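Labels for the chains are A, B, C and D, by order of writing; each one numbers its residues from 1.
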Amino acid sequence: MIEQILTASVFASTIRLATPYILAGLGETFSQRSGVLNLGVDGVMLMGAFFAFYTALITGSAVLGVIAALGVGLILGLATAFISVTLKAEQGISGIGIYLFGLGMSELLFQQWIGTPKSVTGFPDIFIPGLSDIEFLGIGEIFFQHNILVYVAFLLIPLSSFVLNHTTLGLMIRAVGQNPQAADAMGVNVTRVRYATVAFCGVMAALAGASLSIALLKVFQQNLTSGLGFIAVALVYFGRWRPYGILAGALLFSFVNAVQLQISAIGLDVPSEFAVMAPYVITIIALVFASKQTEKPTALTRPFERGE
Amino acid sequence: AQDDVFRVAAVAPSATTDLAFSQSMFDALTLIQAEMGEDMFQFDFQDGTFIVDDAAVALREWAASGEYDLVIAHGSQYGTIIQELAPEFPEVSFAWGTDVNTFGLPNVFAYTAAAEQGGFINGAVAASLTESNVIGVVGPIEVGDAKLYVDGFKVGVAFVNADINVLVTYIQSFSDVTLATEAANAHIANGADILTGSAQMVVGPIAVAVEEEALWFGTQSSQADLAATSGVLFQVYRWDVILNDMIASIQGGTLGGESYVLTLENGGLEMQISEAAEMEEEAMEVLQSTIEDYATQIVSGDIVILPEAEATPEPQATEEAGS
Amino acid sequence: MTSQPHRLAWATALLYRAQGILPLAIALLLALIVASALLLALNASPIEAYSSMLRGAFGTENATAETLVKAIPILFVAIGICIAFRGGVTNIGGEGQMIAGAVAGITVTLALAQAPGIVIIPAAIVAAFVVGALYGGIAGFLKAYFNVNEILSTIMLNQVAVQLMNFLLNGPLLDPAEAGANHIPKTARIAEAAELPRLSFVLPEAVAGIFGTADLFGRTRLHYGLVLAVLLAALTYILLWRTIIGYRIRAVGESERAARYAGIHVKRYMVLSMMLAGGFAGLAGIVQVLGLQYRLQTDGSPAGFTGSAGFNGIVAALFGGLNPLGAVPAAIFFGGLLVGAQKMQRDLEVSASLITAINGLIVVFVVSSQIFTRRITRRQQAALRERPPIPEEASA
Amino acid sequence: MTQPINQPVTPAIQQLQMQGIVKRFPGVLAVNQVDFEVRAGEIHALLGENGAGKSTLMKMLYGLYQPDAGRILLNGAPVNIRSPHDAIQQGIGMIHQHFMLVPSLTAAENVALGMRSSRGLVLDTDRVGAQLRELAARYNLKVDPDIPVWQLAVGEQQRVEILRALYRGAALLILDEPTAVLTPQEVDDLFRVLRQMTADGHALIFISHKLHEVLAISQRVTVLRDGQKVATIPTAGATRLKLAEMMVGRPVVLEYERQPVQRGAARLSLHEVSARNDRGHEGLRQVSLRLCSGEIVGVAGVSGNGQRELAQVIAGLRPITGGSIQVDGRPVTTADPAAINALGVSHIPEERMVDGVIKEFTVAENLVLQEHGHPRFTRAGLFMNFRRIGEACREAIKAYEIKTPGGDTPIKNLSGGNIQKLVLARELSRRPQVLIAAQPTRGVDIGATEYIHRRLLAERDRGTAILLISEDLDEILALSDRILVMYEGRIVGEIPREQVNIQQLGALMAGSSPARPGD
């Protein structure tokens, strides 16, 4: 029974599903750590997903696809930064605006430039030599038979954690998110730091989109993410603004999802509504038990005014 | 309408390019226009109105404009709107689906598809092609023509080989491609070498089939291009068949009161073999004949797919529509 | 906006609003200019597009009615959001709470099918408010007592609610007439008596001429939900700024520590704000059912039923300055935007996606313009501060 | 964002001049045609009441504000300081009135913030920490670079700020009210450091309200009033009274005449009360005290030795882990703030802007913070009665000389001194039996301080029992009938007014040993 459900492929599926959440979540973490809430993630993901897909489709190169995604992510990220940092727009609303824009544009361009759903070759799964055929506990299948973006996502976690905690940039980001006035008084350019993190957030969101359209799914369709980006934002709160926290959240959420799919696949008689509901419920419950006081960035959503 | 141009307006919940439900209607109207010619037939189409109230606004405006001979609400969620709207505009003809309920209104057509029929054939053929004896199905919500298709498919499989294991996952969404994809992956992981499914999120599972070199059976629209060499057989909704009947009766002065069902018999359900599927000549011919064979048996009633209660209901004809 | 209503505060508040219009107008203009580029790229005429958008929103009696109809659920949600945000809780759960309210409301409505409307409607509305409040209360409770971030919990609970609805509509609440295997997940139609009456205005001949009808909105779907919403907006304004409870909600929202110092039970009021927000979202849900759809129906997604009012309500509330009275025009603005956009889609036969993109642009531009509005406001406050201070003969 | 120097440099500023500086804020002419000058090796004091423009003038020097008119000359050459970054580059450092530290970061991280690291992109906080220790040793300042600053006492935080400025090689250092939160010993140490710095050739600007400090430390004094410069005079020969009059613009009294104490019945008594502090450590340890009507009991101590917790447990804002509290003999050990209020206990909180008022609320709304539900201010027990509240507000504004455009102004628009007056008005208007006054005049200027002190004495004579918690010894000495000294959560000594001597007090505050807590 249990071994019927907790198969290696379920864990492999968990890893795959977690990837977009990790990528988008890491970007959002940097943005929020510097004090900017970016609710537009899902829209940027969709744009990234589309441009990656379209480029891969016409050039046949997934790599070019990723580059295109990074480009569009950067542009949208800078736009977001301009709106929420320079124009100090209410971040809750502007984020939703950007989401709507991305949702609409990606679909529009899809209809104009592609029309009907097509599939691309995208990134193949890379079997890490030696590791990928470890039979023991299905380690090989679970960890070492994924597409490049999966590996990238998981490598970015320790990297992000290091940048945040052990580099001058990370120090500036944390300071700007906690007490921008103090950071400013110490000669840190608050605006520049926030532009950097928000732009990075856009890039990562776009990459997350690409990880769907040209790696995991290899197709594009209107609203391909169906709200995945919002879950990613939620997982940032789950992870308490720490990269490893994001990892934990993304894995938990994706694991429950993979399990519920497996349960219905092997025909266990669980009403599918409740199966689909499970990841959301369990994520909340987990947080109930995990909750100590959180170290939310003090200046989150607060625009910076010098000398106040 | 005043002039002799036949004007149609339609709303559909998803995009006209969804390779599924909405596209099936859009393709049908486009086809009719090609047949009758631009000067005789024109249509307005509003897609993506998954928000029921948005559809309501469009339908009401079209009805009120008086410019349309037929107003189509392509989505069972629009039934209530039609029920409210039709009595207000008795001179306008409405059609809605998928359902057979005309609410006893003289200016309402209802239409649906006996999806279980194509489902049965897809299932039977799939059963004859599977080597792993495991087949995976990805469905949206366990309702409507999606459920009929899946039920029919299961019966079809069992009809050929009761030992084959059909794995069914309803992901509770018509649009969540990611979930649909992982559901398909789960089926593959559990040994499936053939996949099928219904609704617009099947683009995900199709991509999985292509990737994993599994076979794909489709419904609603042809997904042959996307499924490429994995595609085998598609049940295509030919709404044009019944739309032509409706147009005829409207031009004959009957604005509704009748309901239509796409069946193999009336040609509304068309089984299309994928050209992309790499099959030898004779294999192709064999497949052809088996399909026709099943079709005739279903039409003749020799094969009863689902019990009365679970099958697509018989079309209703109300007395007004009688003569 | 000074938080205590007072003649002067009112005057200035009005002044702010008046001057606030200017940046808003410019922002809209810019948004439309950018959108024009999109339209031209799709070789559609912007002029045509916008005029049809305007016509679709307010051009005809019916268009205006549909705009108002669209605004109703947005307004209900927005009212609740005003309370929640003023109380310091970020409620993103409007969608789920709408669903919770609608499910509860329709259950009661169907149970009381035989009763007269005067009984059913209030009962259904109360049920919807209570259950919406309880559902919102979950997130509030988890925040207050388990420190679970409410943004996370409400986003998650939205999905939970829709799955619960799917389950109920496929089983317990399924329309008996839909017993067939190919059934559609929807409840039975509510009794005629349970329908919210349609709203129309009988005009005297004099005015009738102008509107071209003696019975304004007579043949439209406009219903009494509008009256209820506007009424509640006013009451909520009073609640927030005239009552002890409102004072405490705002105190908790502005400063938890000061509120505790004031002897207010902070956690209790956090939960209360969240519950009120949920309750209003619940009303949005049931009013959609009783006033418009006459049954509850799902396509599996929340938006299919809610029309995303749960999210649009947030935006409307923020546009309205987190003031229930400000939310009224804001909600109507959004209603017009959404309905007009649909019309534009029909007239120009452009795809729905273009509309979504343009709406996004408008939201972004309008919200970005508020920095200029704020600047104007600050200058006005400064002018206010320059008024001579209270003379102090007591000193020296 | 980067900062080349990573070693203390030898000061390069010989002379700095500000000429004809003007700064307007919406509705306020904060600084009006001010000339100011400071030279290497001197301490130039800047005196002025709340809102005189001291901080604003200095913020312009540090690049936080841009002057509307006037110019700044460094060593005779005009400079344009557009941001703190520019100021730092020029060798200007500032210790802000409200410390500019990131609480969640360690001292070392706070210092490293915005500086180039010796390891390129990778942080070198360990090295910074080491260098900090050296620097601290050189100036004989004690800090632990490796604990988050939110865990440091205020005095320690200030040392971190000073070290940071030195570390960054500030040649000119601005200190905005640095002594407001220090004990006598800490002040002495600070002065020693400042003198050492001037000896090293630094130029220092010293802002304070405390005249004797200005007289003790500075060579020159510049007095501002209402944004204008009154005069710059050499400190030698200036007197407290003279300076005070220059500041306030009228004669002021610096000593209060006081009635002999009429000690009455015990109002408040604590028995072995213990409580945790914010960090979860034991902040209060078996504290017992009795407070009688008609007396002012001063609680002296270095900040962070339990005074804050003491006030909070009495007010019901902090749960106690042991012991019992009684008001008029009634146990209130577990009562909530509302109930304790209702028993006639008033509390002037230490952090007025966080606990005492709600910034966004109007003056009137803040006036009824606790009593908003009181029958007097409500209708039908449900609605606020704004007519009554308005009346009460106008009375308070008049009676307590609160400078405000009116009762409907958001309180954040008032100056610190006036906000404190409002809190005082609110707490006294309830005619309390017991008054807890925590740092009642922190950051408040002479005029307001004088006023508040008179009020407190009047309350005492009215028979109120007053617990005066203050880190300002002058205040304690001026008002108290008895003085309790707190150290590490305990009451380590009680001295009747008659027998006080500063040395003994200071020793007790320091845990009766030269070393201070936090070391």
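Basically, a contact is a pair of C-beta atoms (placed from the backbone, for glycine too) under 8 Å apart; a residue touches a chain by one contact, two chains touch by 3 or more.
Remember, it's a predicted structure, so these values are computed and weren't measured experimentally.
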*Between A-C and A-D, flag the pair that has more C-beta pairs in contact.*
A-C
*Please report how many Å separate the Cα centroid of chain A from that of chain C, as a whole number.*
30
*Using mean CA coordinates as chain centres, what's the chain A-chain D distance in Å?*
45
*asked:* Could you work out how far the Cα centre of chain B sits from that of chain D, in whole Å?
replied: 76
*chain A to chain B: how many Å between their CA centres?*
36
_Quick check: what residues of chain A touch more than one other chain, meaning two or more?_
107, 111, 222, 273, 276
_Going by the contact rule already set, what residues in chain D reach two or more other chains?_
none
*Send over the residues of chain C in touch with two or more other chains.*
163, 166, 170, 351, 353
*Full enumeration of touching chain pairs*: A-B, A-C, A-D, B-C, C-D
_Contact footprint of chain A on chain B as seen in their complex_ = 14-15, 17-19, 48, 136, 142, 167-173, 175-179, 181-183, 185-187, 189-190, 200-201, 203-204, 206-207, 210-211, 225-226, 228
*Residues of chain C touching chain B in the complex*: 62, 66, 69-70, 163, 166, 170, 179-186, 189, 219, 221, 288, 292-295, 297-301, 303-305, 307-308, 338-339, 342-343, 345-346, 349, 351-353
*List of chain D residues in touch with chain A within their complex*: 1, 3, 59, 62, 64-65, 83-85, 88-89, 94, 96, 100-105, 109-110, 112-117, 121-123, 164
*Contact residues on chain C for chain A in the complex?*
38, 42, 90, 142, 146-149, 151-153, 155-157, 159-160, 163-164, 166-167, 170, 311, 314-315, 318-319, 351, 353-364, 367-368, 370-371
*Quick one: which bits of chain D touch chain C in the complex? Just the residue numbers, please.*
25-28, 250, 315, 317, 336-339, 341, 347, 349, 354-362, 364-365, 369-370, 372-373, 378, 381-384, 386, 397-399, 401-406, 408-410, 413
